[in-house]
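In what follows, chain A forms one complex with chain B and a second complex with chain C.
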Partner chain A sequence: MEIKQTAMVGTLESSDIQISISPNPGKGLDIQLQSVVKAQFGDSIVATIKEVLESFGIKDAIVEAVDRGALEWIIRARTQAVCCYATGTKFDWKGEDK
Partner chain B sequence: MQTAKLKRTSLYVSGASPVNMIQAAFYNEDCLVYDLEDSVPNSEKDAARLIVYNTVRYHRPAGKYVIIRVNGIYSEYIDEDLEAAVRANPDAIRIPKVEYKEEVTRICQRITDIETAAGMEVGKIEVWCNIESYLGLINAYDIATADPRVVALALGAEDFTASMKSHRTKEGLEIFYARNALLTACRHAGVEAIDAVFSDINDVEGLKEDTALTRNLGFDGKTCVHPRQIDIVNSFFTPSQKEIKYALRVLQAVEEGKKQKKGAVTLDGSMIDKPMELRAGTTLAQAEAAGINVEEELL
Partner chain C sequence: MINAVGRELPEKIGNYIVKPYAGPKETIQAEHTVCSRRKPSKRTALGTKLLPDLKAAIKATGLADGMTISFHHSFREGDQIIVQVLSAIKELGIRGLRFAPSAVVNIKNPSIVDFVKDGTINRIQASGIRGELGDAVVDGLELAEPVILRPHGARPHAIETGDLSIDVAFIGASAADEFGNCTGQIGQNACGSLGYSFVDAICAENVVVITDNLVDYPCVPISISQMYVDYVVKVEQIGDSAKIGAGAARKTKNPRDLLIAQRAADVMAASRLFKDGYSFQTGAGAISIACTDFLAEHTEKAGIQASYALGGMTANIVEMHKKGLVRALLCSQSFDAVAARAIVDNPNIIEIDNSMYANMFNKSCALNKLNFGVLGALEIDVDFNINILTGSNGEMMSGLGGGPDVADGADISIVTLPIVRGRIPSVVNKVFTCCTPGSSVAVVVTEAGIALNPKHKSYDMLKEDPKKAGIKTVSIEDLLKIAYSLTGVPKPIETTDKITCIVEYRDGTVIDVIRQIKRD
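Up next, the complex of A and B:
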């Protein structure tokens, strides 16, 4: 799926993550993460973001994430939301029934 | 101690605030209401819906009766809210500003359709209806009996008083009739009655007075807008040791009377009538639901 517009969701409050996504045509995924727990959980946070991007079929994008200690399902939800905004699509709820 | 059956306190927490949602699981509220409506700005509706969905479906707090409050029945968000809320599989979906039984019928049918499409157990998700206008109040009994999913009506005082052109006061005289009318409809329909919030989170004495009235009128619980209100409200809906002991003595006296085939039974010089027996039964049921071992109170 193609990134149609730059989008951003989330806040810089504790337990949240702010994620922005913008086009990166033909250059793959470029995920940049800032997090106070990057040393401990950086790989896991990036893996969650990447998994959601892949579920949307997004292959080319620049993703900037500023993490404030968000839990895994918050990261997942924020990434799902930013993907919807950036691709101009509604979330596929029926896809959750698999 | 809490059980899933208790509905003394319902705490609203905004779906737009991950930190509040995470913290809310650690308070003592019986019912946790993840809100997609008033506390979420329009620009955040989609993001909040995904946060609430992921939280309730995959990380729902243990020991809580989990509710999702969706946006209004006629809002642009309701269809997608229901798609998410049903698949999240909460204990209940709370519908704001209900005014007609047909609205409940339509929403419940939609819930059934989504449950069926998603391969979920049909009929398990309960429905709470918020009564927030004079029309909703007039139709309260019809709303409460519109569908078997409906298990509670909750009074929303701010919108109700706005619809009545009355002014909201701490004393609450302007909602006294509404409280009684809602309760009457709920009792007749056999569903639970949840009282309105007390909005001033800094007025502890005001909250106590308001909750005492809530309890004395007969409500089953009260909605809270701040965690600091929870323990106070819970305490009013948990019978005291004195009340439990008296209830036990009433029921013992009734049992003794039956054994002795007495037509009339007395306790401490007063006649025990049927309403006293019913109240005693309710007190013990509330105590047991709150995790109190009532048999120990006899010792």
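Up next, the complex of A and C:
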């Protein structure tokens, strides 16, 4: 899926993550992470974001994430939301029941 | 070599010979003679001790390059003495000092790091190096030797054995007279107990009392006596009274913290040791303060009275005393303004020497008679080892305080902590820095469950008493599973080989070291 517009979700509150996404045509995924738990969970956060992007079929994007210690479900939900905004699609809730 | 809590240690760190922690001790063997560097007066019998400024006092003590200076941390983050003294020392061109306060609080503009960088200080020993200094140290700040961190009980011992030999002790006091009788209990900047400074006053070669409140002779009450004091200096301001302790600490409204506090109090109340004459230490964290209130409720309901509360005092412990729920308060430290000012009006609220509080090598310390001790922690692992120093990125979060002493001394030591903080699990497989051995930790209380340590000396009563009261327990492994199910398994913190801090236990052995954190 293609990024149609730049989008941003989330806050800089403790336990949240702020994610912005913008187009990166033909240049693949570029994920930049700032996190208060980078040493211990940085790899895991990037892997979660990547997995969600892939589930949306997004192959090219610049993602900037500022993490304030969010749990994995929050990272997943915020990434899904930002992908929906950026691609102009609605979230497929049916997928959640599978 | 590997010590009794499984930590890999070198045999020597520079000139420091490592005595590895060898496990809990039944008997204490210490053959040394207590040493003091105190000398008879250098002055005529009634010569004045009052000097015009800090520089004059520093010169009079003969402070020279490489010597050791000490301070107390009872003014907390409101302290203005340390920076004034270090600035005066720097202006006199004295360098390479060993800085040995009871603890380093987070002092800014200038910070202690600035005095390390300009060469005024090149070695540090304290119970904790919170703040800018601590973070710089774990990131490899250049010092002549690693920082030695000792719990409160170990510092007087190190001073009395001569391991920590003090050339000049600078003692801040909120009131003092011209002969050096002084106290922290009265005056604009009252900080309460001066418990940490007693051993410095008794053992240092030179003692300088610094006050902003010079009172008529004699200063009443007398916490530290003129017979130990060489010089007195009056400065404009010793501290910021708002930061020393503004009123009583506010009670937490965080439901998670309240739940943990309630459960910890319930565990104590369920114990067979909870009877007339019991004793406790709760401390000053948010959970601890709430726990004191719940313990007061239980005490009132049971119609009993505690014999004493110990250690750092808070307004609500003073409140318990006023209600007749605890007979005596033994204060080695006062955590807020109410507790600081309560000593002078109440004969049963007593200022005590930090050595009487926690030093296991004197002729007996009050901690070793304690029934219940409530502790905070950053991390606890499946062996019940506690980390109270380093955070999830290896940064220095806190000090040792009296935690390791309390855990060891109390019949029942209770660690209170939330199961996760943000994405940081508090129950882990292996703590990053071991500060308190698991063998001394009896109970862990979290919002996700209470775990008992089957290897603790009090386990026989612990496995029965809470059960009788209907308190459910889980295993520490259960708590670990819950924590990791929320956060995921954390990647270990990577370090270099450089040892930045040596963590001593209350018996003077090495329980762990902190290596320099590897940064990207």
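The rule we apply is simple: the second predicted complex is superposed on the first by the 98 of 98 C-alpha atoms of A that agree within 3 Å, B and C clash if a C-alpha of one lies under 4 Å from a C-alpha of the other, contacts with A are read in each partner's own complex, and residues count from 1 in each chain.
Criterion: contacts are C-beta pairs under 8 Å (C-beta built on N, C-alpha and C of every residue); 3 or more make two chains touch, one makes a residue touch a chain.
What you are looking at is a predicted structure, and each value in this text was computed from that prediction instead of being measured.
Novice: Tell me the contact category for A:A70 with respect to chain B and chain C: first, second, both or neither.
Specialist: Both partners.
Novice: Using the superposition on chain A described above, determine whether A:V9 touches chain B (first), chain C (second), both, or neither.
Specialist: A:V9 sits against chain B, while chain C stays out of touch.
Novice: Have a look at where A:C84 lands relative to chain B and chain C in the superposition and call it first, second, both or neither.
Specialist: Touch status of A:C84: first partner only.
Novice: Return first, second, both or neither, reflecting whether A:W93 touches chain B, chain C, both chains, or no partner chain.
Specialist: first
Novice: Would you please give the residues of chain A that touch chain B in one complex and also touch chain C in the other complex?
Specialist: In chain A, positions 14-15, 70-71 sit in both the chain B and chain C interfaces.
Novice: Report the residues of chain A in contact with chain C in the complex, numbered from low to high.
Specialist: Residue list for chain A touching chain C: 14-15, 36-44, 68-72.
Novice: Spell out the part of chain B that touches chain A in their complex, as residue ranges.
Specialist: My answer: residues 17-19, 22, 46-47, 49-51, 53-55, 57-59, 80, 83-84, 87, 117-119.
Novice: Hey, which residues of chain C end up touching chain A in the complex?
Specialist: Interface residues on the chain C side: 392-394, 421-424, 486-488, 490-491, 493-494.
Novice: What part of chain A is in contact with chain B in the complex they form?
Specialist: Residues 9-10, 13-16, 70-71, 73-74, 76-78, 80-81, 84-85, 90-91, 93-94, 96-97 of chain A touch chain B in their complex.
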